[in-house]
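Paired with chain B in one complex and with chain C in the other, chain A is shared by the two complexes that follow.
Presenting the complex of A and B:
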């Protein structure tokens, strides 16, 4: 190799520039000649560079050393284009952290350490040991720890890192390093690592530095593992996470992953066939991809005789899960649980608080820090990743039938900055999974941001939002109907949900009122758009049945601003649905009254609700059947002059079942069927008793069940027709 | 304002009613003292007025919270009025539209033919929509039922797990009493040795750190260093 030509006096600082220049030029030309002779591939420079860095002697000067410079530039070039191989990472990390050529190259090397596949754990362990030697400056130490945090998911095994947990812990006392070391410890901690003296140290720091979020996070994890050792109490939700430590590597890593993913499309299908995990490894480097489920302890050695712990990654079937239920050990990277249904089963059964804490932490971190990166990627690949991630999250929540508190927190923050169109279906679906919100917080957390979005958006967003809130209501009611079995019992589902029955009723009432307001103003803004009306009627379909279907003693009446647009709608379907809703209200109200009489318990439906209902009912019957609306004293009063001015003769009958704009075409159709020979349509002839009955039958055959039930339950048809 | 009237009255009194407070004589007696008195009264009245103005101003600043409270009510009242207006306008418009379409259909011209065609299409669509809505409602109900069942299962699972935990705690191995003492002694021994081990490990770790050497390179130190977290018997 060319290196042998250079005289071995690189140790001495007396290697002059002139001699090195001439040597360099000789070596370069020789190298080029050799390359030309053997036709070596372009990877050779990197191999040579790595050999240089692994063999360079201690004390070699780096300033003015062109060979060093060239090799470093080679390494950087390869790193930024496709990432460094594991061996390269080992060599470069060892070179940097051992400070063989002084402190200056260390920072530069650390900044270009971009792995292409994995980071060998031995290299990281060696580097940490070099950290212990204590010759690095604080800034460099911080940089190193940040790098470890960035590539943490790519380190192939974590058990050796856990073996030096104590050494890592000793860095906590260094104030500048403390936040990052705490983050790293959080990722590595297992139950065995929680020792009393460590807790004491952290508490000491806590009293010295104050309520730092990183200390609190680590302490709360310790508390989850060993509650008897940590006596501090924590806010159930520590909002601020560990912060984004990705620094200069994240964007470069992103670029590398995209490039490697594009470059090897043919490999992916093969990899997926043989082993799912290896295939997903290629895509694993995407920062929103769920990490692969790996075991905590790669080596098979058993540290103790009595306790045999089965890593979750080894469980392949449900039967195996059942057999080993009490021996399962969770993986280091909690995010990987979201992809595996077995893992989710396990989580569901064994309500392991530490697991939920760690998952929430990982989710919160991913959503807050990574998600925002993805959305602005610009490339469609970026938003595909986000869509996939959110869909995975949603399917997990559906599987578990409960939401994660970190997702909820993220959503509240996100709603404040959302523009209403980015990833709309996913965000709205996540919104419908939000668990019961205390009524005092609804206005701050939901109403304000959603109102802003609602009023400034197109009609399709309005429909989507109303649908999502409808879904939310249904989920709340379903949850309540299963979990609140006895009256007054505090429902204590998990640490974050502690809702009493009356609190729940207040929340539901507040939600219904909020949607009512949205509906009122939405219909006015959109001019009674039929699609919007349909979604709103869907919502009131749910609301009218709250008592009968879900057992919650609450009846909220449909507001005027929804009732009348539905009654006067152009499409018969809205009228039919309105009739159905009124029916259900009647059933619910009568059942409520009965229950009051039977059980004697006060069922708090105000008189106003009954009055409202009666008014609506009377108006509807008068309108559709009796052809008698707009009379003075009615619910809607219009002055005589105005009605005359409108130019409509017999305005009082303008919304009857024959003249109503929605049913007019049916009336005409019926008229043709009844009297095919008549040319002029005279709808009054339908109003004779016999024809009226046939007309009603005809309408019912067209599928208007709501009308049918309405008429049958509210109108005595034995009396004469209208 | 009171002041000018009073002053006028005073002046009038002083001017017309010749009898000043000093004496029944003419104007000369009343002028200086009365003027002084008038001046004093005017001064007092000025002070009173300024005090009243200040009081009024303070009242105004206090009532912003009241104003906010009223604001909420006023907004609601405004929205209600808007809604009423909207509903009435809607009713009128729909009425007129319905009537216009009905009139149009009475005439037999091409326009009415096209309206009839649209009507027929609407009716067909309506029955389709009805079917689809019914289908989606049925599916929605099914989903809700399934969701309910799953939640019930979850609750059942949790109750069972709790029961199992209780049973596990209560379980005592057979012939527990015989070996209870021995077991307890053994347990306390374990605790003692564990504490000693942890302490020793801590001390060793401290020594290694204080030496500031690369302990990975020395095989013996490496063996020690890499096992400083292990305890042979875990909890």
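Presenting the complex of A and C:
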């Protein structure tokens, strides 16, 4: 701790520099405040209060000091109502950290330090200097570091904070401070900061304190920057992010930011930089707002150094991006990347693992804080901000054409506590973006939480979920077909987990089986709801074409529990779509057979699949065309006596194309058109050869393309009618 | 000490009655307000702070088709009260006519042990465990709708299915420690 002891006024490169500027800014702010005061008739109490705190002598007692009490109450009131201006933050932080009036006011002041716009970095650096003096109690030190973490996003520039990385690092030895300091260091670390002695220190702590997640996080970041220095292996990924330690400020800050967002900017008395304020709406702490893309390095002197870096914020055009691709410095807050399309282009082509590590960390942290560990019981959930944030996230994922692993991890946790309605469209959309899940994990990660939600929710949720899972299947298959083209056999779908082709097929099979189960039971519970049936047929539209469209040698038959409800549906659309699906199955199976013959390679489509398909096909043709239903050996078998007892005349023809409930009205309409003079409708007359042909033509003109394809490919129409 | 039994009374035609048990009596009011508006069946909602139910109302109480325990995860008392009430429920109810609904599952200050305790309780009794958002009107409506889905099945208003069947499909499963570990390895 020897190096940490720098009194604020000694000449030490960065800290003095910043402290003098901070002093200057304080005095300037007061001058301006006084000027402003002249303009306003009544003296603004906050100005007086700040003046008091900047001038108050050391050793002034605080107990029974009415002046102090009044001023502090004024500051607190302003802080909690609209937040403190940057200058006020400087004054109050200086007052608190210097312990001019002891520890009690220090804690009180720290708790009300709620910035309205930004926190000047000079003030923070100066406060760290006071921290190094070592007079503060540990609890106060922890409080201060927590405060820095809370307002980290609002600190205007971080280069000076980087400059005192070493001083901050020395605090890791303090056991109580260590978790918070590690978090702060994680946010500040750059490649230059990773040194052997620091790695050694962390490893020493690691062996002393055990596997603490905060140490592991920092070490994993070090490893990304300098793999040769950190030999520790992180085989099982680290459990959780840094703890949720926003302390007492977060709620108050959110409230202030909500309020100031609607206020006219001039309402803040001491704020001077209108430019900053214009951006202040976006500079909110709430994780849901994307931070503005700002550079870590603000001063230009850095560029004269040997390592040239170009902050991403200074890049204006695509050409510039290309020219400086190797010099790009990532912004302080990775979240800001989501807001800029140029940054996304950069992220797309950059090979640097640290960029992805950092953005994943940021996303995981934000999502967990906002949706899984809510401070207020989730009252403001589902707000516009949350919706916008998630939509931005989705558009980013679409742009990069890959999902973030932290989003995936968040989603699995969220599904376990989801009520099924909160942010439903967004969550379902995120769900359909989930990358390939190993087949052994599908039941645990997806089936268990989703099944319960599915079976206990209304039919609209059921439809939404089936649609989302359909989207997921399409995405998986598309990835597969793209990667399979690039690279022969093995499909490397995800950098973190190599999925072999057989593993991928198992996953797809498992997903289809899972949706099949949902479909079966869903149709049963909802009494074959036609809307649900339509979404289920959408899904099988994808499934039946897996081989032809996506080149994956996998054919999974539609289950009986979906086939029969669709075939006997009351609406012609379902029957038509089923016919289309069956036709596609036929095309896929014949193509598979053909390929098997040409290449001679054993194809893993079992004989059972063919048998099952033939069975369906025969039943469908018998039912719609040949008027032969309820034959012995069918899935649907009723005893002769029962059928006779039912009194239905010609029960064997009751699902033919003329009598099927879905087509019955078409048959009657056709009958009217054919024989307009006839009074009593006799559908049997349609079944004569000539009329039957006309009737089919008539049906095809009604838009039943699926049915047409099915009939044309499966039935030789030249032969005869039924 | 009277024990509530599922089949001690005759059902009414096209009616379903649910008993909402909640120690705090706040969320149950909101839910009841939404549930009684259901049109497809006549829904009778009975509210109770805890079980056993007072014996004097016994004659004019309808047959209870579904018992729902509402637990606020932020309160230990709420969980304890539900646990104590369970003793006064006939075994017949545990064949698909009990479910748990918890709120505040996403609260930052929620102790992990309580969450595990609730999951263990629900899975030990083979009952569904539903999560709900009680802070927003949408959340309450959705929770009420989900309860109605279960209630209609439990009261026998949905053909082709039974309470036990649905309960079997939706009952809570506690992952074994080994699975839990795998889970963490995979998604952390």
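The rule is simple: the second predicted complex is superposed on the first by the 622 of 722 C-alpha atoms of A that agree within 3 Å, B and C clash if a C-alpha of one lies under 4 Å from a C-alpha of the other, contacts with A are read in each partner's own complex, and residues count from 1 in each chain.
What we mean here is this: contacts are C-beta pairs under 8 Å (C-beta built on N, C-alpha and C of every residue); 3 or more make two chains touch, one makes a residue touch a chain.
What you are looking at is a predicted structure, and each value in this text was computed from that prediction instead of being measured.
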Original post:
Between chain B (first) and chain C (second), which, if any, makes contact with A:684: first, second, both or neither?
Top reply: neither
Original post:
Just chain B (first), just chain C (second), both, or neither: which does A:455 touch?
Top reply: second
**OP:** Scan A:594 for contacts with chain B and chain C and give back first, second, both or neither.
**Re:** neither
Original post:
Which holds for A:482: it touches chain B only (first), chain C only (second), both, or neither?
Top reply: first
**OP:** Based on the superposed arrangement, let me know which partner A:208 touches: chain B (first), chain C (second), both, or neither?
**Re:** neither
**OP:** Check whether A:524 is in contact with chain B, with chain C, with both or with neither, and answer first, second, both or neither.
**Re:** both
Original post:
Which partner, once the models are overlaid, touches more of chain A's residues, chain C or chain B?
Top reply: B
Original post:
Should A:646 be classified as contacting the first partner (chain B), the second (chain C), both, or neither?
Top reply: first
Subject >> Those residues of chain A which chain B touches in one complex and chain C touches in the other >> reply: 521, 524
Subject >> chain B partner contacts - residues on chain A that touch it in the complex >> reply: 98, 125-126, 129-130, 132-135, 160, 162-167, 170, 191-193, 195, 197, 303-304, 306-307, 348-351, 401-402, 474-475, 478-479, 481-483, 520-521, 524, 528, 541, 560-561, 564-565, 568, 570-573, 576, 630, 636, 638, 642, 646-648, 651, 654-655, 659-661, 664-666, 668-669, 679-681, 702-704
**OP:** Can you check the complex and tell me which residues of chain B touch chain A?
**Re:** 79, 82-83, 86-88, 90-92, 94-99, 101-102, 105-106, 108, 116, 119-120, 122-123, 126-127, 129-131, 133, 137, 144, 147-148, 150-152, 154-155, 157-158, 161, 198, 201-202, 205, 208-209, 212-216, 225-235
**OP:** Please give the residue numbers of chain A that touch chain C in the complex, ascending.
**Re:** 236-240, 244, 371-375, 377-379, 381-382, 408-409, 412-413, 417-422, 441, 444-445, 448, 451-452, 455-458, 521, 524-525, 527
Subject >> chain C - residues contacting chain A, complex >> reply: 74, 104-109, 128-133, 135-136, 138-139, 141-143, 145-146, 149-150, 153, 158-161, 166, 169-170, 172-173, 175, 179, 182-188
